[in-house]
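A, B, C, D, E, F, G and H label the chains in the order they appear, each numbered from 1.
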Amino acid sequence: MNLTVYLAGQIHDDWRNDLEKKAKEKGLPLQFVSPQTNHERSDSVGEDILGEQPGNVYRDDAASSINNLRTTVLMNKSDLVIALFGEKYKQWNTAMDAATAINQGIPTILVRPESLHHPLKELSNKANVTVETIEQALDVIGYIFE
Amino acid sequence: MNLTVYLAGQIHDDWRNDLEKKAKEKGLPLQFVSPQTNHERSDSVGEDILGEQPGNVYRDDAASSINNLRTTVLMNKSDLVIALFGEKYKQWNTAMDAATAINQGIPTILVRPESLHHPLKELSNKANVTVETIEQALDVIGYIFE
Amino acid sequence: MNLTVYLAGQIHDDWRNDLEKKAKEKGLPLQFVSPQTNHERSDSVGEDILGEQPGNVYRDDAASSINNLRTTVLMNKSDLVIALFGEKYKQWNTAMDAATAINQGIPTILVRPESLHHPLKELSNKANVTVETIEQALDVIGYIFE
Amino acid sequence: MNLTVYLAGQIHDDWRNDLEKKAKEKGLPLQFVSPQTNHERSDSVGEDILGEQPGNVYRDDAASSINNLRTTVLMNKSDLVIALFGEKYKQWNTAMDAATAINQGIPTILVRPESLHHPLKELSNKANVTVETIEQALDVIGYIFE
Amino acid sequence: MNLTVYLAGQIHDDWRNDLEKKAKEKGLPLQFVSPQTNHERSDSVGEDILGEQPGNVYRDDAASSINNLRTTVLMNKSDLVIALFGEKYKQWNTAMDAATAINQGIPTILVRPESLHHPLKELSNKANVTVETIEQALDVIGYIFE
Amino acid sequence: MNLTVYLAGQIHDDWRNDLEKKAKEKGLPLQFVSPQTNHERSDSVGEDILGEQPGNVYRDDAASSINNLRTTVLMNKSDLVIALFGEKYKQWNTAMDAATAINQGIPTILVRPESLHHPLKELSNKANVTVETIEQALDVIGYIFE
Amino acid sequence: MNLTVYLAGQIHDDWRNDLEKKAKEKGLPLQFVSPQTNHERSDSVGEDILGEQPGNVYRDDAASSINNLRTTVLMNKSDLVIALFGEKYKQWNTAMDAATAINQGIPTILVRPESLHHPLKELSNKANVTVETIEQALDVIGYIFE
Amino acid sequence: MNLTVYLAGQIHDDWRNDLEKKAKEKGLPLQFVSPQTNHERSDSVGEDILGEQPGNVYRDDAASSINNLRTTVLMNKSDLVIALFGEKYKQWNTAMDAATAINQGIPTILVRPESLHHPLKELSNKANVTVETIEQALDVIGYIFE
């Protein structure tokens, strides 16, 4: 049994590569998908495909429609979601992705430093499991295969 | 036709009272529900009902389960959601409430200052309408009754 | 038992008033809702509420998001949909509204002149009943109360 | 990860072949399905299988039931829908297919010349992404695989 | 608490009147709805509204689309379904109505003489309760109010 | 693209073998599943597995629960349903299977002699396509692969 | 806003009366429904309505089908579920009712002595809130109305 | 056609191994999944991954969230559920798993000694089939492949 895991969360460091490498080391039969992790491309994809837009809000609108299409296609294929929150950035996308997965019945693991527990407490309560590190998230997934 | 509107968003100023007053002035046949707006009570309700917990994370867990039950009961009764984001606070609850409403097919209006459009662009794209002020949100609702 | 009926279709003549008057004459216990029937307002509502947009496509985008919110709230309240097609105009909204109702399990009556049957044949096959006149549509609804 | 794409839209020119060829050139791992693109066969299939019908409306009814069965089986297998509108023809089928996909949670890309934006504005607002050319539609799909 | 009960089943004797009278005698707070019980009207309603059809199959098609619209509107309003099978007639409508209610999560009581149990055994197994008389069906409903 | 087809209908002659042979001759990539077609086994399976029951109704109840489990597992795996009605037998199972498939969004082809159209008219109207012979049913399925 | 609350749990003492009295004292606008609380009637209702059955398992089968119909009708009408577990009895019905409510999106409060937490831990984790006393359960509900 | 079977039930003896061995002997093309069957690991997994918790209830909460995530992922992959109840232990998890499967439309076989029928009667009535031994459960599954 292989599982597809959607990696929601910020795209400002390489936590996904780190997680994928560690999953491989543990021999877990996982395939990973994620939102666009190239930040510049994620912001410019609307204008890249649709042409110049008349201002930043319109530029963002164009990009977000394509980012959301990507996300929806990939989440529809996923068996599990890991949603990682860090200290920086607004990360409202991550909250949206996690809530969407939970509402669609896709089991969801929340990863956040304990320092963020308070503002995340309601989302944490709705998620299936909340942990502090990606190692713990992989331990949880590894437990499925025991 | 009366409509019930769930007011998602931060609970640190009295934007809900302001909105309700303005809705009344316009004569809109609306009933409003919302998460607990007493911040202290919202944080302490878990210990208030279940007794002292062994630390802040557990205190938050206890509160969040009761806050989420409240939210779910009230959102199940709602025809529309207004989700307001401001400059301060993490507001991940608001993103979670908005995404939950959208996933359940409850039409959702996002209110945010233009300065927040970039981090909210994907949620804005999924919401039905995005505006900048609560007056505009009420204009959108008023349009349903024209 | 009262029923709420959503009247999908073009907004360029007063077929809805005509239908509502005839329903009243027959004594049918119906409440009617519909998309915005003031064409100019329907086109300008985006700019009316959100302010001037940078061109016609953006003006249309702003208006359509508010029109769709209105439509969704009202269709969620409806027990039946009547979708009327005429000889003029593109009427893709009407096809979208009818297909949406059918997919949500809301019984739908299609009204169209026989001359339009060919291009509407697949939608007609998915609708519950297809008729040629609003009198026939009301006869179908009246039959529910026999 | 392979994706199946349903190509909704008019069947009067060979835009589908063009799109499939371009997708191949880009090396996208896509499988395409579509409604019956042989127009005559699409119109006559009811009588071809069920025998002569007593007039054009009945001929159309017979054909449409078989076309809809085909469409439903194929859309149930699809991960994405591209819906293309052109300047000619009523194309109510295309609007119906797009609205059906959107309602079933299948991500949908609308392709239309800018000149058609006004009559399509509400459907465009419900679709995930709206573009003007099939090249742009393929760029959007290509973005999923980046 | 009032309940609406849909009475599926044959329309060739007055079992519905009998049942409604007995429900009244027991003081049960029930509202009853049912398919068209005037057999002739049920068969002719298509031609009555849409005009003469080119043969019996087409006459039946026209009538059935209107009968199904009626049934769907009324079943959507129902809390419970009673489906009664008798010795005569094909009663495939009754089987269809019962299976539809069961699939939609509407609790369903099957009424049939024991002599019909064998051909109805799979439907009986899917229904919530199977009884032999309408008195027993009302006893089951009365039990809800104890 | 391979399709799995559930063959609902009576089990008293070998129409399924006939249909499967013809499908093979046409080279259609179909896999067929069906209810238990050994009539005696279908009636006795409850007692075969659970032991002797205290009378015929209980014998039937035991069998029907196992027949329904089989049917549900197989229909969950199916892309299409063919439901065949003949002149003999009650065939309420067939009506139940067809209505279940239709309610679950599985496209359904009804096969019946024209002589049975009247009692099947409402089910025929809900099915996607109605034909008279299994050859026609296979022509409809073949059309999906054109 | 009135809420209907389904009271799942054992029927061997009068905890429901106690809870209803306390809810009244607090002035909560609640309507309560519950499974049959007369234990003997709950066990005998199958034979009471359907006549003597050939043994205890069959007697239980007859009763359970009617108890389940009652439960389903009432839970369909409910906004909230309270599920109470005590030290005695198997209470598998209570676990079934709680799991059913949770799966249907009806917010659920679990009441159990701390001594039972271990065997209930997975159900407790799926429920919205877990408390130890009916007073706490009412405090949670009261919080919705603050 | 291969089927995946989720084995719900107590984890205190090796009934699953026994069942899997017997399934293999019969040549049934089944893949089995189950909750964590190592009892100690099932109880300690929360602390194993998340670190020491401040007491038994918190230890249980941590474990149950991970057990439920595991269960949900595996049940989402299953075509059938076997839920086995024995004379010992509370087994509320088993009741929860069975009710969850039934609510999600996954066919479910209940295995229990006749002595437990009374407290399980409502769950037995909701399950598709109830048997007394794992051999009978495998006979029921074998019947699907006849």
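Following the convention adopted for this analysis, contacts are C-beta pairs under 8 Å (C-beta built on N, C-alpha and C of every residue); 3 or more make two chains touch, one makes a residue touch a chain.
Chain by chain, the UniProt names read as follows: A, B, C, D, E, F, G, H = YtoQ family protein.
Just so you know, these numbers come straight off a predicted model, no measurement behind them.
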{"item": "Labels of chains that are neighbours to chain E and to chain H", "value": "F, G"}
{"item": "Rotation, 0 to 180 degrees and nearest 5, that superposes chain A on copy chain E via CA atoms", "value": "180"}
{"item": "Furthest chain, CA centroid comparison against chain H", "value": "C"}
{"item": "Interface composition of copies chain B and chain C: same or different, split at half", "value": "different"}
{"item": "Chain centre separation in whole Å, for chain G relative to chain E (CA means)", "value": "31"}
{"item": "Centre-to-centre distance between chain H and chain G (centres being mean Cα positions), rounded to whole Å", "value": "23"}
{"item": "Shared interface positions of chain E, touching two or more other chains", "value": "61, 65, 68"}
{"item": "Those chain pairs that satisfy the touch definition", "value": "A-B, A-C, A-D, A-H, B-C, B-G, B-H, C-D, C-E, D-E, D-F, E-F, E-G, F-G, F-H, G-H"}
{"item": "Chain C - residues contacting chain D, complex", "value": "56-57, 60-61, 63-65, 67-68, 71, 85, 89-93, 95-96, 98-100, 102-104, 114, 116-126"}
{"item": "Residue ranges of chain A in contact with chain C within the complex", "value": "54-55, 58, 61"}
{"item": "Residues of chain H defined as touching chain F within the complex", "value": "1, 3, 79-80, 105, 107, 109, 128-132, 136, 139-140, 143-144, 146"}
{"item": "Touching residues on chain H, where the partner in the complex is chain A", "value": "31, 33, 36, 38, 41, 45, 48-50, 65-66, 68-70, 72-74, 76-77"}
